[in-house]
Every structure is written in structure tokens, then in C-alpha cells.
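In the two complexes that follow, chain A is the common piece, with chain B as its partner first and chain C second.
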Partner chain A sequence: MPPNKIPDNKDEAPPPAQSSFSQQTSKVRNFFSIPAPVKTLFDKVPVLTYPSNELPQRAPKPARIPSLYVFIKEEDAAAGRPSYNPSCLKWQAFLNIAGVNHRLVPSSNHASPTGVLPFLLPAANSSNSPQETSAPIISNKLIKYAEKLGKTVVETSSMRYEAYQSLIDHRIRSAWLYTLYLEPLNFSAVAYQLYVSPNSSNPLVRASISHQLRSAAEAELLKHTSIIDTDDLYSEADKAFEALSILLGGDSWFFGCSTPTLFDASIFAYTQLLLDDELGWKEKKLCRALRRRANLVQHRERLLVKYFGGS
Partner chain B sequence: MASNSGSEDELLESLRNPHTEKLDQRAKELREREEAQTQKAAQRLRELISSNSTLPVTISSIRLIGSGPQHTRRSFLDGLFAPILSANRGSSYKLSEALQEAGAVADKLRRFDIYHDVSMFVDKPDPTDPSSTPTDIDIWLQARERGRINLKTGTDIGNVEGSAYGNLLWRNIFGGAESLSLNASKGTRTRSSYQAVFDAPILSDPDKRITLDALASSTYKPWASHEEVLKGAGVKYSWATKSGTRHQVGYTGAWRQTTNLAADASPTVRNDAGDSVKSSITHTWTADRRDHPLLPSRGYLLKTVSEIAGWGPLRGDVAFWKSEVETAAAMPISNGVSFTTGLRAGVLYPLPVGFGGPAQPSRIHDRFQLGGPTDIRGFNIGGLGPRDGRDSVGGDVYAAASANLLIPFPRVAKDTPLRLQLFANGGRLLALKDTSSSDVYKTIAQLADGLPSLAAGVGVVYAHPVARFELNFSLPLVMRRGEDARKGLQFGVGINFL
Partner chain C sequence: MVLELHVWGPAFSLPSIDPHCLAAIAYLQQAVPRGKWHLIATSDPALSPTNELPALRNGNIWIGGFRNIFHYVAQFSSGEWILDAGLPNQEGADCIAFSSFVESHGQPLIDLSLYVSSQNYTSITRPLYNTIQSFPLPYLTPPSVRAAAKLRTEHLGLSSLDVDTEDVDASREKSIIPESLRRPKATVSSLLAANPETNAQIKLDALATNYFEPLQKIKGQKQYFVSDSQFSSLDCLALGYLSLMLIPELPQPWLAKTMRKKFPDLCTWTGEMRDNVFGGPVDVGDAFLKNGGNSTSAERKGYLPWAAPTHGGAFGVGKVFLSSVADSLPVVGQLRRNTRMRQHGGKTLDDELQSSSWQSITAVGGIIAGLGLAVACMFQQGLIALPSSDEPVKESVGLNPFGDAGAALSVFANQLDAEAQRQRVMERHPNGAPVAEIDVEAGPGGVTVTDNVA
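Showing the complex of A and B:
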């Protein structure tokens, strides 16, 4: 846009020239803006505005608390029970530990801005106009979100923290992916019921989703190794449980903290699901490896009772 | 002698400087004479036929003379020709009847879209042929088959959408006018689309068709912050009645995914994200008696669409009964000025999936959307109805109407498909709050609460043979809070305008 002020060094320019120049610039501006008579016409319409239309039945009721979108059954969501997906459960446990009040919404990866659950949708703020929807908060922004709400988030600053975290994120996760998706018995008994059948009643769609899930799990495992060695996966997970059991020792929470941290939440995400008999595991190798570590089993009980009402 | 040489000079002169006007004149005269002759011949033929119109004749044979390779099956042509042969009818024709029947056959042949041009001749069989009777006539049809494979690529620009496409058409596959069309396109809104359509006439009748189709597409829907990924297949049967109305009955199965949500998608759209399968039967009935489909000046259109999904043996994940009615009427006023009006309405009635159980509330894919340059001008696409944040989430019940006055352009011939228009249009789109039948009736009654959302304006209409273009200046007059009206200019391209 051309400057509408004459630079200082041209002050000596005769006034008529200046006015014609500014006239010109205003002409250029006016060409692109709405002419005044049209603008006044635009301001006069609409002549009549009624209240807004009501939303359809499936639209969620507005809530005063934030909504956490997770993999969960409808009835479990209402009761605040744990999600059946480890990453969702980790952050659900974290929010419970941090004391961030939220409601659970059963959902699927399609709903997420990143393509994976969980994510948090902040409560509809009364100060927001109804035209605006607050942006979702993806999982790795949840610590900041909790801190912003003034919740105390205990962070472990141990040097060993990252090494142990990677045990969970790699060894245990790989064994989990294998046991859930690639053990045929567990896939049909557990994964199919949780991740496939809720999506659609159509057998073709179910077959397609099953195939997608299994090949995604396989691709994920092949990222770290060239062949999938079952015994190796299980023995690595067993070693990881052993190391975590030694780390916990006789303490209530990991790293000797007085309250649980995100680390406790991330180990709970797996121990809760492996020890939950309601899921109906058929091939229990990984479950047995965990049950041998009594202090990890007690750790899960402790979290479940304290933050999930013992359900 | 002198005079002679003078005329010679004249001749040479005229050869040297030919009078172009004179030549033109002569050519014109020649043309006129030829025209007059053909006209006279036609006239004579007409007279001959009309004076002999009651002459009893029998059609003894119909022959198709093709040039080039012939792929059309004999049995397919038999189905077309056999019914009018006198031997199969058991009675003789009047000459006029016979010609009419033969003309109808030639017309059918044209409509299969497998021949370039079909022309008809009538002849008397050789009287020395012992098998012929004195009343026999022979019908000769001359036609050239069209190429069997047609490959086409191109670009399209439509309503805020640009796309590139490739199309392969395989005609007359089994010699019975069957066709297979494969289509692939990529665009700004229809991100990708792959479609295969197999179409075949039944019993050699161009008005009875069976169509099998398969579709995989991905469409960006910015008015509801999501992308719809669709995989589906269907079968349709269409036929025309004697009175000229058309029916189509079809089954469709489709797997829909609401995915790739925008960062600021509303909770309503987030709740509907994921998979759903629709298994439905649709019936469409159309009576189009307008003089021009894109810019009518006389006549009316009636169309109903009914769909039942999910109920009973259909299964799937969604269940509803959907009915839509569309009407349009045009009437000339004077001096090329015409008035057109349109009315559309629809309702989605929730049903239980399978046999019994609770009725299913509707999802965003199945609900109606209203607004945009091709239906309610002066509103953006999906601009009317319930909105959550910026998202137009659709409704279950709607009604929309429009009135347009079309005026010929000053200083432009009236037969040019260019008009000035004055219009007013409006409508309502409402969502059900529960699945009970009483709520459906209550919501329908609610359509009449207050004034409908309304917009009016002026514009220019151009009816190109393939689509109608409109550029309008419009202002919203009445609206609901949150509805997305458009003040000022709006451009629309489409084939079906309200």
C-alpha cells in the first residue's frame, strides 16, 4: 500500500501537489475498499436476525470442564474408569494425579488433530463467542496445560529417568504391540473387541481395519529390528520389568517421590492393562512376567485405588 | 465485325476482372434452386406418403448397413428390429405407421450412443423374388459405429473448485451397447476420486438400463472442517414410463470416514469422526417438462428422491428414511422476460438399525446441507442451518424456495442464453433433538416459525451448453444468528439451480 504520509524531506513541495498526491493515494485505496454507499447498505442488512438454530442430537452437550478424548467404552467413560489404550491411559492417569478435573469422551484416532489419541478439548469458555471453538491440546502439551491451571506437577530430574523411560517406551511397548496385535489369540479375543468392532458392524470394514492394525503394528516393530523375534521381545520385556522392579524397591512411587509422577503414570498405563482380567487375555506370557514382580503389581493397585476409585 | 470484336473484348474483360458479385449471385441462385428442389422433393414425398398413408404395407426386412468394423451383436439388433417385422406382428401396417415404427427404431439406435449417424431408407423388394408379396417394403438403416475406446483428459473449474481428470470410455463391449467408464480425478476440493461405471441396456431398449458402479473418493469439506473418505459400490436400474417420466431404483453400500479434521473443528464434528457404513435403497422419480434444463422459459420439473438405509435386512451402521421433493416451474411473461420459481424440501426420519432397537440419531454425512450459490444464493455453501463454531453441521428437516425474474440483456438477441436476473430466495434447515416421531413432526412444524432466512439480489445468468453460470450481487435480509451469509458478489456454476 502506498504511504499516505509525505516524507519530511519533501515538506517544501507546494501544497497543491501534496493534496493531489494524497487524493491519488486515497483513490487507489478506495478502489479496493468497499465504497461508502455500499458499506452503509451492507451495515443495514440483515434486517432481522433470529436466535441461532439448535444443534443436532449427536452434538455433545457443552461442558464446564475440559474433555479428554480417549479410546474407551461408553459406560466406562461415564464412570471415569481407565482407558484400554496405553497412551490414553498414561495421560488420563497424569491428569487424575495432577488433579485436573475432566470428562472422558469415547473417540477414535480420526478425531485427533495429530492422528492419535488422546487429546484434550478445553472447556467452552463463557467469554468466548459461540463462533469460536478452542483449539485441542495434544498429549505432549498436557504438562504445560496442567501447570497453567496452577496444578503442582512433580517432575523427576533424575539422570536415570530417561534411561528408564526408554525401557517403557521401547522394550515394554514392543512386547505390548506384539502380544496385543500379532498374537492371533489375543488379537481376536482382545484387540478385535476393543479396536475393530466398535467402528462398524460391517464384516468387510472390520476385516480392512483388522488388516490395517496388524500391519501397522508389524511396521512399528520392524522399525527397530530387521526380523520380529518373539522370544527376544518377551525376554527383553521381562528384563525391563525386572529393572523397573529393582528401581521401585520398597518405595510407594518411583524415584522415591512422595507423590506419583508422569513416570508412575506411564508404567501404570501398561501394568493396569496387563493385569486387568476383564480384557480376557488368551496368551498371557507378558502378563505372567509382570505378575512375578510383586511390587509392580502393588504399585498398580495403589494407583488404581487412589486415582481411579479402585474400579 | 466491329461489334463482334467488341463482344470479344467484353468477354476477355469479364474473364480478366471476374465480377465476384455476379459469381456470388450465381452460387446463391444455385443453392436456392437446390434447396427448392430438395424441398419440393420432400414435399412430394410428404404428399405421396400422406396420400398413401393408409396404404397397407408389410415390413419384410430391416437391414443395417454399417461401414468399418462391426462389433454389434446380431441378437442385440434382433431384439430391436424383430418386434416391428410384420411376420412377427401378424398384421399389416398403414404406410404412415410403418414409417413411424421404423423411425422409432432408428431413433433408439441413435440413443445407444454406439453409432455416429443413423439414416433410414425405404425400398420395395425385387418383385421377381418369389418370397416377396406385393405389399412388402424393406427398411435400410445406414450407420457407422463409433470408436470403441475413448480416452479423455482435461481440467475442470467449478464452484471454488479446480480439478484435473482422466476418463476412459469403452463402448459396446459385448456388442450390446454395454459401456464401461473409468474416471480418475484430482482437485482442490475433491482431493481424489476414482470411479468405474458399467452400464448396459436391457432387452435392446435404450430406456431400460442397468448400471453397476464403484467409487473411491476423498472430499474436503471446509464448511464442516473435515475430509470425507468414501468407498462404495452400487447397482441401479432405470426406466422411462410411456408418459415420459423417469424412474431409478438402486442399492448402494458405502463405507464413509470422517477424518483429517481441521485444528479448530467443532466438538460436533469431532464426535462424528470415524467410520460408518451406509447400506441403502434409493428410488428417484423425475418428470422434466421444461423447454431447457439450464435456462427454462416454460414448463415444470417434479422430482422425488426416497431413500431407506439400515433398516431390516439392510443393516449397516446408520438407519434412516430420507425423502426429498424438488419442483421447478417456468413461465414466459412477454418479450423474452420469464419468471422461474423453485421449491425443495426434505426430511430425514431416524430408524433403528436392523430389526427393532432404538432409532439412530443422524450423522453429519447423512444430514442435509443448505446454502450456496446454486441453491440459496446470498449464503455461503452450507451457510444455513445449525452451526457449531464455524462448522455447518447440517440438519434433518429443510425447506427452500426461490423466485427469479429473468430479463433478456439489452441490445442482445433474445435467443442468446444470457439474462439479467432479479431473485429472492430463502429457506430453513433444522436438526432433530431426539429420534421420536413427535419430535420429527414438531421440527417440521417449526419450519414455519418466523420468517425463513432470506436473501435477495440481482445478477447475470449465462447458460452454456454444459453448465449454467451466475454472477450475483446479493444481500441477506433475514437470518439466524451464526448463519453464514454473503454480502456482495457471488459466483455460481452448476447444472441444478434452485
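Showing the complex of A and C:
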């Protein structure tokens, strides 16, 4: 029998020790109970729940077309021009290619439910309640969303797809991170103008944001190597462009498709920004490596003319 | 001048524990003629200018990182020792793309299998470092490699493979629920929870399949990955990664199991290439030339041109140890890492000396700061106390502070004392007359009289 089991002694008279114990506990219980005058006061004031307030006037109205939240300048958003952030631009281009009509909303990472842009707020549907429509769609669910809208999403099933995608996601991305954030000339000329100065005019805040951006880029690069080897980053990106250029060959779109796919969108996200003279690149090593591949430059032109109005 | 390739030491009967080192060994084995290079299992990344192994040494020039080594070897031999030369356009592009794929998607798998998975790490991987590094270093290297591996695999959401962080047994023992009311242990969910690898099985399987499938497809029925006749740099890299996935015998063999079950072709290829390139199983004795010197083992293996490593004695090991300690300290480690972003190139001896003196200065600074912190911490925790003048006077020992109960207990204690005394008396007079003793005690609870008749 477990020693802590309480003996069943309801029939017998309780031993004196136990009776004093129960007196003690009832005293404690009395101490914590609500005093009578307070209780009567509470009874006189009934609890009443008011209906929730209306949203303020300036709150965004549910739009009739879906809104894509991206890093973009105010005037570019209105004109539907490309975003200046590669991962935003990739999905922006994807939606344009799939023919999903959307509007662009300038935003920052703090607005996103996942902490990263882009995300899409679907169009308000008159039949649904406002709570249901406002469930945001994060970037990797966008393909499913486009398919649900009945758009044709061409998927490539080449055995080379994964490998060449890894060139973009790792080799080119690493070189991009380095050239944008860690190359001092480019950071002050390009990244500072795009990510730091629009956020605040306070020099302390600006310095802190710059530091955060740079150390985040550095940490990301140091995950895979123990040292940031500049020459290696650039030469690997150069080889990656070479391989992509060979893969594209004389075709209009990658993998011989008749229409562009998500893969075209993801390479466009980098080529567009590297070839955009308005960004004002100062250290152009990566841009030069790309310009040497004429068919990649033409590929970017084609997408720009066809899906972004040639701006 | 003979080239020296410095690598992490052998493990799992492979020539190295690191996939990049295996790739570099395979490359040099295939590209560079015998006798022009040596293989040294140094296991010390501090030698390399990029702070990683493999590193290639040619006299005073150090080249770090396997891609830089490929480039340097091609340059050094003026384009003669090169594997990828003459690949047709499309195959060359595939070689670049799949190299990136093998590396970027293979690293997380190796990390999960060898380092993040607690069972594999504690029972196999960590002990292996004891055989390839000298004494104090195995205390520092595996945890730091493991931390890096965890960081790299964070985004996969498989941190549950690491069960070290939560102490399951401890929480079970402390439970206040009596034994009879607890749920029986052998429920299905608890059986699953017993083994994190089983829980994550579906996810791990999918990860592994996504990795092997494109490789299987690109290889097809060819002899090598991109070409039917030419051993390329992609084959070196793939051999490095695939052999580390297939060959280690681990308590949680999910990776090798998936590979054997679904991709037997890749397994056959890996096995064959391992025999052709590395010359079959390699053990630690081969690398350090311990068993029988050069005569028998070198001829039997005959494949890899091992040379014995020189560690620079206790001083060298101590230096490496201190710099690893400095790296793991919070602020100092950050400063040291910041200096690692620099242009890479053929380094001269002068640069080397300068940078190493900086390294030792920061290392010494780090140690001093670390010791200071440790001492400060001890003071705070009260492990060390300064001799202070107002030390409390020793309170009277005994049960007096307990009041009435103390008095009652002190009677018992005194009785025990009396018993002991009586025993002693008995021993002193083994044959003596019976001794009657009357103890009169004046305790706080009144006078107690105890009489003992022996």
C-alpha cells in the first residue's frame, strides 16, 4: 500500500490533531474569501459587455483586388514597377506572369505575419465576413493561390530544375548579399538609400539599422563558410551566370517552355536589379559578370517589356 | 616542391570526416600524379588562411577551401592537372549547377545525420574526434562543429533530433502524480516520442529523397555524373558527400537506409568509386603511419600518399586550444570573426607572420578577459569569499534553537552519547564488575535522569 494513502476513517471520530488542522484550513479559507461589504458592492455593479468598436477611418479598407505587400517606393508601387528586393520581385513577377491582377503596397518586414515580405492579402469577397478575407497568404503558398483562381501555372519537370535553382538560391544570392550589403561603396550608394533612409531621419536609428542589415548579411554568409572569401563568392557567381546562360541557350524562356515559369521569375529577380542603372551601383563586378552573358540580358529585357510595361 | 594537402583526419573508414576534404583528396588523387603530393591529416583549421580545411601548402603558400585548391592546382601546373577541361558546354554547365546542388542540399543532410541527431553525435561522431585530434582539442572542436550544423539546419524545423536540450528523465522523476494514477508507459505516442528520428521520419525521408533523386536522374546509366568517360570535379564532390551519407554505421541510420532502399545505383557507384579513388577502407593508423611505418601498410594500401602530421608539440596544440577558446567567448569571438572577411589570395610568409601575431594577441586578450569574467562570476556566486572582519560568530552547536522539540531530541542524543561512552567503558573493562551509571542532565526542558545498568 502506498504510504501516502489516507486511511478511511470517516466512521470513527477524527483524531484531535486532524480536527485542529481542519480548523486551520477553514481559517485560511475565510481569510481569502471576499468580505461581505465588498461582495454586496460587487453585486450592485453588474458587468456589461459593449460591442466592439468600429475600425478607425484611416484603417485600410478591404480592397476589391488582392494587395501584394512588398519593399517598393511609393511612386513605383502606383506605377506597378519592379520591387527593389529580389524575393519580393520574384513573386511580383510570378503574379504578373500568371496573370493575377493585384495592387502593390509599400511595406516592411514588420508588417508581415511571418516577418518576411512579400505576402498577399486576398481580395475582399462580399459573401465572406471581413475576418475571413483578411487571412494573408505567404509567399510559398502563392502558387496554390494562383491555381485556385484558375490561372495556368506552368511547372517545369526537368531533372536539371533543382540543380539550377540551387545556383540562384545559393551562389547568386550569396554574391548578391555580399555586393549589396558588405561592399562598402554599394552599401552607402544603394542599400542605404533603399532600406535605411526611408525608415527614419534620426542618425542614431539609421546607424543601428545599417549595422543590423550588415551583420545579418554577414551572419547569413558565415553560416556556410568559416570565412567570407570575396574572390570565391564572385567567381562562383560568375560561373553560375555562365551555367545559366548555357542552359538558356537560344531559347526565349528557360527549359524550353513556351511561356515563362517561376524559374524565369526567380532569375529575373536578380538580373533586373543588377542591370537596373537607376539603383546606382558603384562596385559593378557582379553587374559586369552578368552583362557578359548577352542572352541573360535579353531574357531580362523580354520579361520587363512583356510583364512590367517596359519601364 | 611537393604539394601538401592538409585535411581533417580519417573516420568511418574513409580518409576524412569532412565532405570537402574527401572531395579535395579525390581531386588530387585523380588530377595530380603520384609523388607530387602528400596527404596530411592535420585536423587543424587554423593553418589555413580561410580557417577551414582542406588546405593546400606549397612551400610558403597556403590555399584554403576546396574550390580554391582546384583553381590553384590548375594554375600551378599551367593547366595540366585539371579535371574539368574539355567538357562540352552543356556538361560543363551541369557540372557547375550540380556542384552547387550537391553542396548546398547535401550539407544539411550530413549535418542532421552526423551532428544534430543526438544519438549519432554522442555515440559515434564526438568520440571520433578523439582519434584525430590531440588531447584538449576534442573538447572544443565537436561542440563548435555541432553548433554550426544546428545553425545551418535551423530553417528545416528538425531541431527535435537534438534531445540534449530537454531532460526527459528528470522531469519524469520529479512528477508529483502518484505511480498508480500515471498513464501507462507503452502508449503509441510515447513509443514514438522515445525516438525523435522516428517522429521526424517522414520529413527526413522527403529531404533525403529530394536530394538523391536529381542526382540519380542526371547520372542515369553513365559511368560518371556528367560524362561517360571523364571524372569531373562534380564526381569528387558527389563522392565526398555520398560516401559520408552511405558508409558511416550509425545508431540512427535513416539517411543510409533511404539511400540503400530507393537509390541502389547511387550506392553501387559510391562503393566502387570509394575503392577506386580512396583505395578501400582507411583507418586512423594509416593516416598517422602508426602501424608498421611505411613498409607494409603503405604497400598494401598503396593509394593515398599519407605523410605524418607534425603538431608543433605541446606549444602548437596549446596555441590552437587557446584560439578556439577565444573564438567561443562572446565578444572576443565576434571581433576575431570580423577580421576574417578579407581578400583571399596567395599569402606570403610576411602576411602570415603578421596575422598570426595578431591572432595570438587577440587570443591572449581573450584568455585574460575570460579568466577575469570567470573569477568575477565566482565572486558573485559566492564560491570564493574575501576574508571579511565581521564574520558571524559561530553559533552554539546543538539542538537548542529548536525549542521544546530540541530539548526532547537532545535527551535522545545524549542517550546515544551515553551509550557510546558505556561501550567504551565496557571495552576498557572487559571482565570488570557491572558498572552502574547515573547520568543527570540539566537540559532547558527540565532535569532528566537517565540511569543505565550494564
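Following the convention adopted for this analysis, the second predicted complex is superposed on the first by the 247 of 311 C-alpha atoms of A that agree within 3 Å, B and C clash if a C-alpha of one lies under 4 Å from a C-alpha of the other, contacts with A are read in each partner's own complex, and residues count from 1 in each chain.
By definition in this document, a contact is a pair of C-beta atoms (placed from the backbone, for glycine too) under 8 Å apart; a residue touches a chain by one contact, two chains touch by 3 or more.
Keep in mind it's a predicted model, so treat the numbers as computed, not measured.
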Output check: A:P56 vs chain B and chain C. Expected answer is one of first, second, both, neither. What do you get? first
Now for A:T152: first (chain B), second (chain C), both, or neither, which partner does it touch? neither
With both complexes superposed on chain A, which partner does A:N140 reach: first (chain B), second (chain C), both or neither? neither
Counting only touches as set out at the top, which of chain B and chain C does A:S258 meet: first, second, both, neither? neither
After superposition on the shared chain, which partner residues are touched by A:V205: those of chain B (first), chain C (second), both, or neither? first
Considering only touches as defined above, state whether A:Y69 meets chain B (first), chain C (second), both or neither. first
If you tally the residues of chain A touched by each partner, is the higher count for chain B or for chain C? B
Footprint intersection on chain A (chain B / chain C) at none
For a test of understanding, state which residues of chain B touch chain A in their complex under the given definition. 255, 257-261, 263-268, 270-277, 279, 315-317, 353, 361-363, 367, 385-391, 393-396, 429-435, 450-451, 475-483, 485, 487-488
Chain B partner contacts - residues on chain A that touch it in the complex: 34, 38, 41-42, 45-60, 62, 67, 69, 105, 107-108, 110-113, 121, 130-133, 135-136, 199-202, 204-205, 208-209
Quick check on the complex: what are the chain A residues that touch chain C? 2, 4, 159-164, 166-167, 169-171, 182, 218, 222-232, 235-236, 239-240, 242-244, 246-247
In their shared complex, chain A is touched by residues of chain C numbered 45, 50-52, 64-65, 67-68, 71, 89-90, 92-94, 96-98, 100-101, 103-105, 107, 148, 151-152, 178-180, 210, 214, 217-218, 337, 340-345
